[in-house]
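In the two assemblies presented below, chain A is common to both, partnered first by chain B and then by chain C.
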Partner chain A sequence: MNFLRTLPGALVVPLAAWITYLFLMVPSLIVIPISFGGAGELEFPPRVWTLDLYRQFFNDPTWWGSLMESLKVAALVTVLTTVLGVPAAYALQRTNLPGRAVLNGLAMGPLLVPVIVLALGLYLQLAPIGFLNRTATVVLAHTMLAIPFMMVSVGAALRHLDPAYEQVALIMGAGRVRIFFRVVLPQLRAGIAAGALFAFLISLDEVIVAYFITGPETMTLPVKMYSALRWEVSPVIAAVSTLLTVISLVFALGLMWLERRDRNA
Partner chain B sequence: MHDETPYLGRWAGLALLLPMALLLAAFFVYPLAQTIWQSVYEHGFTARAYENLATSTLFFKVLQTTFVISLTATLVSLLAGYPVALHLSRLEPSRRVPYLVMVMLPFWTSILVKSFALTVILGYDGVINRALSFVFGEPIHIPMVFNRVGAILGMINYLLPFMILSILGSLLAQDANLARAAEVMGASRFTIFRRITLPLSMPGVLAGVLINFTLSIGMYITPALLGGRQDMMMANLIDFYTRQTLDWPLASAIAVVLLVISGVLVAMLGRVRGAGGMTEMAR
Partner chain C sequence: MTNIEESQDMIRVNGLTRIYGTFTALDNVDLAVRRGEFVTLLGPSGSGKSTLLNLISGMVQATAGTIEIDGRDATNLPTNRRGLGMVFQNYALMPHMTVFENIAFPLQVRRVPRAEIETRVHEVLKLIQLEHVVQRKPKQLSGGQQQRISLARCIVYRPSIILMDEPLGALDKKLREDMQLEIKRLHAELGVTMIYVTHDQEEALAMSDRIVLMRKGRIEQQGAPEDLYFRPDTLFTADFLGSSNLFAGRLPAGSRQLDTPHGGLPLPAAREGEPEAGEAVLMVRPESMRLVSEGEEGGWPGLEATLRDSIVLGSYVRHFLDLADGKRVIVQEPSGATRRRPERGAQVRVRWAAEDGRLLPTDPDFKEL
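Moving on, here comes the complex of A and B:
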């Protein structure tokens, strides 16, 4: 009797959960089989299995070029975010400068403001002085968007760091620069790596800001894809989607692996 | 025990912070200031842009659409996300990982990829319509995309991970002894859920709702790609005035309105979750 009464409850939750799991997964994964279908029509499941769409992608310099541009931008953003973010996160924890809280809040700011507002602001700032359509501005804008993620990752790693190591090194006569590079940085490795992966992915997937401030020569892959989706849904998009999903997935799994290793360490 | 002595001098600290501060000043603070300035200054101070907005039927229609779509998407993701959070919270921590990967998959997938996939799944001759046609033996074309349903479904797919993780947090924080005590005293599973689990998860629900609503009202890509002509949201209107009619002050005024609304929502979220609420979600 008791069993019968609890049965519906025991079934309802997993059933409802699985409907949502499917809705979460299917849109991200369905592009993979579609991308191996023919170039004629988008179909699931595909009637024929070919690599035609990938051939189209790699033979079209506008697609191929925008992928290269995106990878270049994302790589530069990753380096810049690390170079700017790591020392800043360290300084925020190891000094008591006035205005520290303000700067900390400011570094989180890009996360709290709707991206469309930032995109408009950057457009209004760059358009009158002729700075649209440049790789450098896209890199700097994406770095701004990625900074909060680096600050959170490195900040968390710093909080777990025992200041005693630095004290010991200081007592034993190491200089501050040496302490930073030999004592602090090695212990922050996982946090920095996580922040860098975030930065790369954010830049690689970012559409709105790039759509506002890039031009024909600096178009990133998401911008090219967005225009293609709006004006002519060509089957090549399935191949592009699969490439993007695979890249994201590799990086996301890398992040999860880092986090697990972190927790076990 | 935390050491009180700072390890870096004033100048060293400043030198380390300065590069990032400069970048944020030039590419975050300045653009925001520029937007606010542009909304009130055209050859002298003026409230022209805001007056135009106050009398614009298009603006109020878009504002209403934004709120209706955002609210619907938020509530549906709450209803769809709660069972998932509950399911996850009842699993052994070691068995939770593959399920969490499923939840985080859309979080890591490009929004363009998901939008494209949804047009293929929900389209006129899409996967669902063809499956239905096959089952019922006659052509079925239920319109599910390039209309409000499509826009909302696309947004829910984007919002769900945030909602699920927020609720999961407050479910896992609950003391399991409470439920055990209730069980010993003869409460049914449903009673335990209704009287203990659900009320104690309200902070997570509230935070999830606020996060989802804040993210929704600024959405640009999903309504543009999955919605119809009638489903223009505030972000799309900003783009329209920026690049179609070149009325930059008006575009800025709408951006300021959006900024104020999301500022209020973020402040509310801060009160619900403590200052780290939003950044915690980023992890």
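Moving on, here comes the complex of A and C:
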């Protein structure tokens, strides 16, 4: 603490922090000015400032369509992950379900297996039965990737939830279902919101699995970006990246705002 | 006693046992609680009092034995069908609900019509004089208010048994005393059966119709507060409730005098169940002892002692004395404005009426007396 009170200490620590922040942020931020450059090529700093790249993005139905597909998939993944992940986390934490350790391992599995292995496995399994190039398939695959995050987030919230609330409700005569919906769920709001945000963002920028199992009609935005980079190196990429960053930022800030309001309520 | 149904015990526990691995938390306990009785389970931590409470509430399953609630076997009845109320030490009010919603919750569970919920919540808030906080969240209330709300949430659905697990443990002394009176008043007004767990012997003495003192998973002794305080059967009971002076010695067969290192001590008249001869311990409460001046009265001269310290505790004075061999004795006398306290280091004499002593069996847990 004394170190921080001296002048060099007061300067060095924030400086080190800012250098770290910049190191992490610059690669993401540099595309923002680029995205306002001309339609000819990727350049920094841009010589002219226009909205051409954005115009190009919104006029091209393949770009525009893949953004809508991505948002649709991410929204469905968020809902499905919440519906499956929250009760699963509750069951694993608060019941004497036989084989809990195994179930927990299964749910956490996708975190441990390399994504490329998962992607290949899904492709080899789904291709012969004709399940590729379907929105539902992408949604299910992304849900699998997102569930561990939801379970970790909700699990942490549950560990901080005093079991006395559930006990007192039980003694007052409430059934398990009522306790879950009226007592437990409202107190897990912050944890569920964080897990849902993770699910949304994981799905929104997931490229490897989607690359394997999507097709022309179900192409998500990251897959479209990846193909664009490989085949055309279109500067539209910069506009798309900026848009994705903004969408993620809006959701993250929205969540932080909700949490703060919750805490002050 | 007009009909059999009315006179039945509200709770009857038979041979109740709970074992965790190699630890026996509750060991073959029998207990009956009468309808409307206020019973306190008292004991140090690990004595089994909370285990017994959790077994009655159904949150812990019995390893052996049976539990009857209101004449019906409830050993395996799910918690939410036992018709109990419970008040926790940390209140356990739902933080996301207002005071109204918290108290309405058990009524909603019972599918009470909306209009009736409204009246009953306000009735019970009036009873505890907290009508003005009805729309607040628990976080906006003081600890004492929260505990009263959790009491209200319990009595609003009129359970016939209310369990309380150290409900006043988190409150400061003054508030605790107010709440003790409030709980006593509610108990009297509602005629509900109460089972109250505490490790605070003063609280147990102040509130209970009957104290069940627990030790190592068993019932050590049970009875009215004055029974346990004045007529303990064991050293543990004597030591746990209030303070006591204990003199270890040997009782020759047929004698009414205990041979101790401090000399022969007079004993009260023989009673049933006390040690008849051999090793024994004489217990004397500090308030039964008096400091006496030389040459007062006749009979037993009392014990020589040196006054180490005296402290005034408001209405009474506590004297800490050392006997000739260094044994510490505590004497408690009423205080008074004109009463003169002996000087520190003064040689005094301590005496008590033989009838105020109580002869108890030895106990391996009380080796050094």
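Note that the second predicted complex is superposed on the first by the 227 of 265 C-alpha atoms of A that agree within 3 Å, B and C clash if a C-alpha of one lies under 4 Å from a C-alpha of the other, contacts with A are read in each partner's own complex, and residues count from 1 in each chain.
The rule is simple: a contact is a pair of C-beta atoms (placed from the backbone, for glycine too) under 8 Å apart; a residue touches a chain by one contact, two chains touch by 3 or more.
Just so it is clear, the model here is predicted, and its values are computed rather than measured.
Asks: Under the superposition described at the top, does placing chain B and chain C together on chain A give a clash or a fit?
Replies: Aligned through their shared chain, the two binders fit side by side on chain A.
Asks: A:T135 contacts which: chain B (first), chain C (second), both, neither?
Replies: The answer is neither, since A:T135 touches no partner chain.
Asks: Have a look at where A:S234 lands relative to chain B and chain C in the superposition and call it first, second, both or neither.
Replies: neither
Asks: Is A:P186 in contact with chain B, with chain C, with both, or with neither (first, second, both, neither)?
Replies: A:P186 sits against chain C, while chain B stays out of touch.
Asks: Which partner does A:P14 reach: the first (chain B), the second (chain C), both, or neither?
Replies: A:P14 contacts chain B only, not chain C.
Asks: Between chain B (first) and chain C (second), which does A:Q56 come into contact with in this model arrangement: first, second, both, or neither?
Replies: Once the two structures are laid over each other on A, A:Q56 reaches no partner at all.
Asks: So, A:Q167: does it touch chain B (first), chain C (second), both, or neither?
Replies: A:Q167 sits against chain B and chain C alike.
Asks: Looking at A:R178, would you say it contacts chain B, chain C, both, or neither? Reply first, second, both or neither.
Replies: After superposing on A, A:R178 lies in contact with chain C but is clear of chain B.
Asks: Thinking of the overlay built on chain A, is A:F23 touched by chain B (first), by chain C (second), by both, or by neither?
Replies: first
Asks: Is A:L111 contacted by the first partner chain B, the second partner chain C, both or neither?
Replies: Touch status of A:L111: first partner only.
Asks: Which partner, once the models are overlaid, touches more of chain A's residues, chain C or chain B?
Replies: Of chain B and chain C, the partner in contact with more residues of chain A is B.
Asks: Superposed on chain A, how close does chain B come to chain C by Cα atoms? Whole Å, please.
Replies: 5
Asks: Once the two structures are superposed, pull the chain A residues common to the chain B and chain C interfaces.
Replies: In chain A, residues 164, 167, 170 are touched by chain B and also by chain C.
Asks: Note which residues of chain C are touching chain A in the complex, please.
Replies: Residues 57, 59, 79-86, 88, 90, 92, 94-96, 105-106, 109-110, 137, 153, 157, 163.
Asks: Touching residues of chain A toward chain C in the complex: what are they?
Replies: Counting only chain A, the residues touching chain C are 162, 164-165, 167-175, 178, 182-183, 186-187, 265.
Asks: Can you name the residues of chain A that touch chain B in the complex?
Replies: It is residues 5-6, 9-10, 12-14, 16-17, 19-21, 23-31, 34, 42, 44, 83-85, 87-88, 90-92, 94-97, 103, 106-118, 120-125, 140-141, 143-144, 147-149, 152-153, 156, 163-164, 166-167, 170, 176, 179, 201, 204-205, 207-208, 212, 222, 225-226, 229-230, 233, 237-238, 241, 244-245, 248-249, 251-252, 256 of chain A that touch chain B.
Asks: Applying the document's contact rule, which stretches of chain B touch chain A when the two form their complex?
Replies: Touch residues, chain B against chain A: 2-3, 6-10, 12-14, 16-17, 19-21, 23-24, 26-32, 34-35, 38, 80-81, 83-84, 86-88, 90, 99, 101-106, 108-121, 127, 156-157, 160-161, 188-190, 193, 217-218, 220-221, 224-225, 234-235, 238-239, 242, 248, 251-252, 255, 258-259, 262-263, 266, 278-279, 282-283.
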